[in-house]
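Next come two complexes built around chain A: one with chain B, the other with chain C.
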Partner chain A sequence: MSTVLLLAITGLGLGALYFLVASGLSLIYGLMGVLNFAHGAFLMFGGYAGYEVSRLIGATTWPGFAVGALAGVLTGAAIAALTELLLVRRLYERHIEQVLVTVGLALALGALASGVWGTDAIIITGPDWMSEVTVILGARVPNNRFLAIIAAVAVLAGIVLFLKFTRYGLIIRAGVENRSMVTALGIDVRKSFTLVFAVGGAAAGLGGVLASQYYTIVSPHLGPSLLIFAFIVTVIGGLGSLTGAAIASVLVAMLQQFVNYYVFGLGEFAVVLALALVLLIRPRGLMGRVAA
Partner chain B sequence: MSPELILSVRNLSASIAGQQVVEDVSLDVPATGVTALLGRNGVGKTSTIKAILGLIPRRGEILLDGVGIDREPTHRIVQRGVGYVPEDREVFAGLTVAENLKLAQRGPDAHWDVVETLFPDLVQRSAQLAGTLSGGQQQMVSLARALLNPNRLLLVDEPTKGLAPKIVGEVADALVRAAELAPILLVEQNLAVVRALARDVVVVSGGRVVHTGPAAEFLDDPDLVRRHLGVHGDAPESAAAGAVPDGAHPTEAPA
Partner chain C sequence: MNRASVLRVGIGILGVILLAALPLLNLRIPGVLPGATYEPGTLQLLALCLLIAGLALSYHVLFGLAGLLSFGHALYFAAGLYGLAIALRHWQMSLVSAALLVFVGATLLALIVGAVSLRVSGISFAMVTLAFAQAGSVLVARNPGGLTGGEEGLGLDITNIPESFVGVVNTRNLYWISLAIAIAVFALVTWFERSRAGHVAAATRENELRVRVIGMQPYLVRLLAFVTAGSLAGIVGMAYLLVQNGAQARATSADFTLTLLVMVVLGGVGSRWGAVIGGVVYTLLDQRLTALAGGEFIQSLPAILRVPLSQPLFLLGTLFILVVLFLPGGITGTVARLRSGGSVARARATLEQAGGAESDGMEVEAR
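Let's turn to the complex of A and B:
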């Protein structure tokens, strides 16, 4: 029982990290049709920014962690917004070029991080509470799992409220459905493109800080490894669907955790198998709309 | 004819996916009343409207109230006061009726009163998802989105397509009211509706304009109608004619 609980909560924590990356990927694809391969790099820089800023203030203090997390969020948002303004903006509707540019950017940012911080993983410390465990029904659950879950739920709620109750949210929801009709109503939909990149980058930046707590390291590999799972989550959830991304994040992470434990080391294989099954049986994903 | 033009198009050509769909269209829209854009299926009526709005790549000269708009992006053109009711309605299915309208509102001086009197049904259904509305109701949303704003020109593409006769009448009534507020360039296959609403017609064939003139003159010439549209004129006893109720009268230019 305690093992199942531990696996479930750890799975939720991992799902939370996936969601923080997948939410942005999904929104960006939904509105602009861009597959953003640089999204993992936003996460990685968020992780490094969090590390550097926390260190200045005191990595094991709560203020240090909080300001570091904020730095991660802002770094992710800034890099993402710049990516949209300087690179992606010129390439809308040119899908091959978009892939080349975002893959190239991911490689370049990865190399930049290696140059600055080295290729070896840096050990991350946080407030003591983070590495302690809470005992629930006999399961000893590391506290950083709870933090990741709470953060992901807050991000989900924040994005949902933003989409539902703001003018930009309205434009984004309409744009995901039918972008050219939005412009035909007199709205400059491009402004919301930058905003969506920034919001997605902010979530990824936060994901970077929390992932470095979860794995207790930050390294240039942090981005690419999470990005792969986030892409799988986005496809299973249905490209463009935020709710789909949230549900699929949890499902994929749970599947991965449980299979890894009970069928030693086959978790990643199970996830890829699930992806293949979804693509065969329901190609638009769990919550994806049928392409118009 | 009316010396005052709201829209003047010269040598317009346009392409979709690299294929030329508008060859060489020149047409004028007077500053009042309804001008009907006619032609057989697939001649490029919708493409002409989309090219005017910049929704597809185009070349040529387009003057809105004397100002060149052929290099402007779609949202700027619309902000200049152009209302667009697309073929097939294109309401946002996942948004409520109220959200569809709110999205379409371009400024503080919106004509909510016009929308409320013309489409009382929409007020009642404001919380309903637009995707769950009937075709006729969706057309009302699409029209309301355009009529909500103060417009200098309305571009309306086949507003009665696929609607029941009773609803065709309601749409025609709404267009009569709309024409009192702004001139309309109207694509319409239902010739009874054209007769009831339009003062002038522009007929396209093979990507070019082949006939321009007063609507009545064109519709009363069965030969012309058959040659350009491939259909018979609207004999009064035809079903289509019955679709337009008493409310819709031929629109004359305001004095």
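Let's turn to the complex of A and C:
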């Protein structure tokens, strides 16, 4: 029982990380039709920024961690906004080239990070509470899992509230629904493109800080490996659907954790198999609106 | 045959003869090649260029011809590479029977993965192929039963390899094999492009709906292109094992597939020569930039310049972004444009065509 509970909570924590990456991917794709390959790089730089800043203030103190997390969020948002302004915007409406540009950016930023911080993983220390465990019904759960879950729920709630109750959120939702109509009404949708990129980048940056706590390392491989699972999550959840991404994150992470524990570490294959099954049975994903 | 095509065939034959004679010549191209063309080091680099060009050609069948943006093409290359290495080392098969088995295996793998992932198109297809390739990458890294050697990679077992393919002395034989494979892949791709299936594949890329309306099955043609590209990549992977003397885990990584995409776009989407040139230029740049990064000039620079300049992938990624932004049509597209005095817009249109049905749908939606 305690094993099942431990696996479930760890799975939720991993799902939270997936969601932090997938939410941005899904929003960006939903509004602009851009598959953002550089999203993993936003995450990675967020993780590195968090590491550098909290090291300055004191990595084992709470203020150090909090400021580090903030730095990660801001770094992710800044890189993402710059990407949109400098690269993606120039290729407006040319979707394949937009993907190509983000691919180039992902390669270049990944190499840059290896150049600056080295290709080896750097071990991260956080506040002592992070590495301690909480005993719930006999399951010894590492505390950083809870932090990841809380952060993901907060991000989900924040994005949903932002989309539902603010004017920009309204424009974004309308843009996802029918972009040409919004433009025809005299609203400059492009401003919301930058905004969506920044929001997605901020979530990815936070994901980077939390992922480095989760794995207790930060490395250039952090971005790409999480990005691929986030892709799987967005396809299973349905491209462009935030709710779909949230549900699929939890499902995928749970499946991965449980299969990894009970079937000789075959979790990654189970996830790919699940993806294949979803495509065969329901190609548009769980919550996708139109056939992809 | 008219005069132009006779001329073209003549130039092609001359080029092949020149390439085949390189190991016997003493040519030096400073800055591009590390030494004279008869030296084993140079020959190995050239063999690598030819094989990567072949691989880029196989990717051209997917992306340039059928308009399928796949992010998992390295999987079939890795299947050939690791398949042959495993068959030779662990199963002690003879080279010919191992190669046949691996070829069938890689083709079946492409058939199964293609059949599943072609159920979606456009961006979803890209992500799904990426996921399958990642599963392959994880499998290799996990090292099940000590088969793949994990991160270490798997060395070539030379017990069952003919002696004339082993050792530095015989690098020229490996070079000739690579040349033969590159030419064979080029011929096969040309043949496929000009066949009925190739025309339908190109038509599917241009307008899927019309192909459906005339009563043809885009799915089957796409699957054929996918399997063709996959089996060709498998063949190139097997030759790569012989030339590189082993299989490295890097060949399975997502980065490697992305570099294939970079090559094809760098050379020019939609053209066979573009893929070949892209593959050769990329491989040369990658090798030379790596050599340059360790050189005194770069090491003496201040850190802010040294760190980015010593990362070949950073320079190549940046170059790629610049090409996409400013040189649509890549190298071949730019050369053709300079010759005909055409416009940037036309070259962009060529690249957009490769986007296929997905971007068509987007344009319709935008209107």
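Quick note on the criterion: the second predicted complex is superposed on the first by the 290 of 292 C-alpha atoms of A that agree within 3 Å, B and C clash if a C-alpha of one lies under 4 Å from a C-alpha of the other, contacts with A are read in each partner's own complex, and residues count from 1 in each chain.
Going forward, contacts are C-beta pairs under 8 Å (C-beta built on N, C-alpha and C of every residue); 3 or more make two chains touch, one makes a residue touch a chain.
Note that the structure is a prediction, hence the values are computed from the model and not measured.
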Which of chain B and chain C A:160 touches, first, second, both or neither: neither
First, second, both or neither for A:286, with chain B first and chain C second: neither
Touching partner for A:5 - first (chain B), second (chain C), both, neither: neither
First, second, both or neither for A:99, with chain B first and chain C second: second
Contacts of A:185 with chain B and chain C, given as first, second, both or neither: first
Touched partner set for A:170, first chain B, second chain C, both or neither: first
Chain B versus chain C as contact partner of A:67, first or second or both or neither: neither
Partner touching more residues of chain A, whether chain B or chain C: C
On chain A, the residue positions that both chain B and chain C contact, one per complex: 180
Parts of chain A lying in touch with chain B, wherever the complex brings them together: 170-171, 173-174, 177-178, 180-189
Complex contacts: residues of chain A adjacent to chain C: 29, 33, 35, 37, 87, 90-91, 93-97, 99-101, 103-112, 114-116, 179-180, 224, 228, 231-232, 234-235, 239, 265, 268-269, 271-272, 275-276, 279-280, 283, 292
Partner chain A, residues of chain C touching it in the complex: 69, 116-117, 119-124, 126-128, 130-132, 134-135, 138-139, 142, 254-255, 258-259, 261-262, 265, 307-308, 310-314, 316-318, 320-321, 324-325, 328, 348, 351-352, 354-355, 358-359, 362-363, 365-367
Contacting residues of chain B [partner chain A, same complex]: 53, 55, 73-75, 78-79, 84, 86, 90, 92-95, 99, 102-104, 106, 145, 149
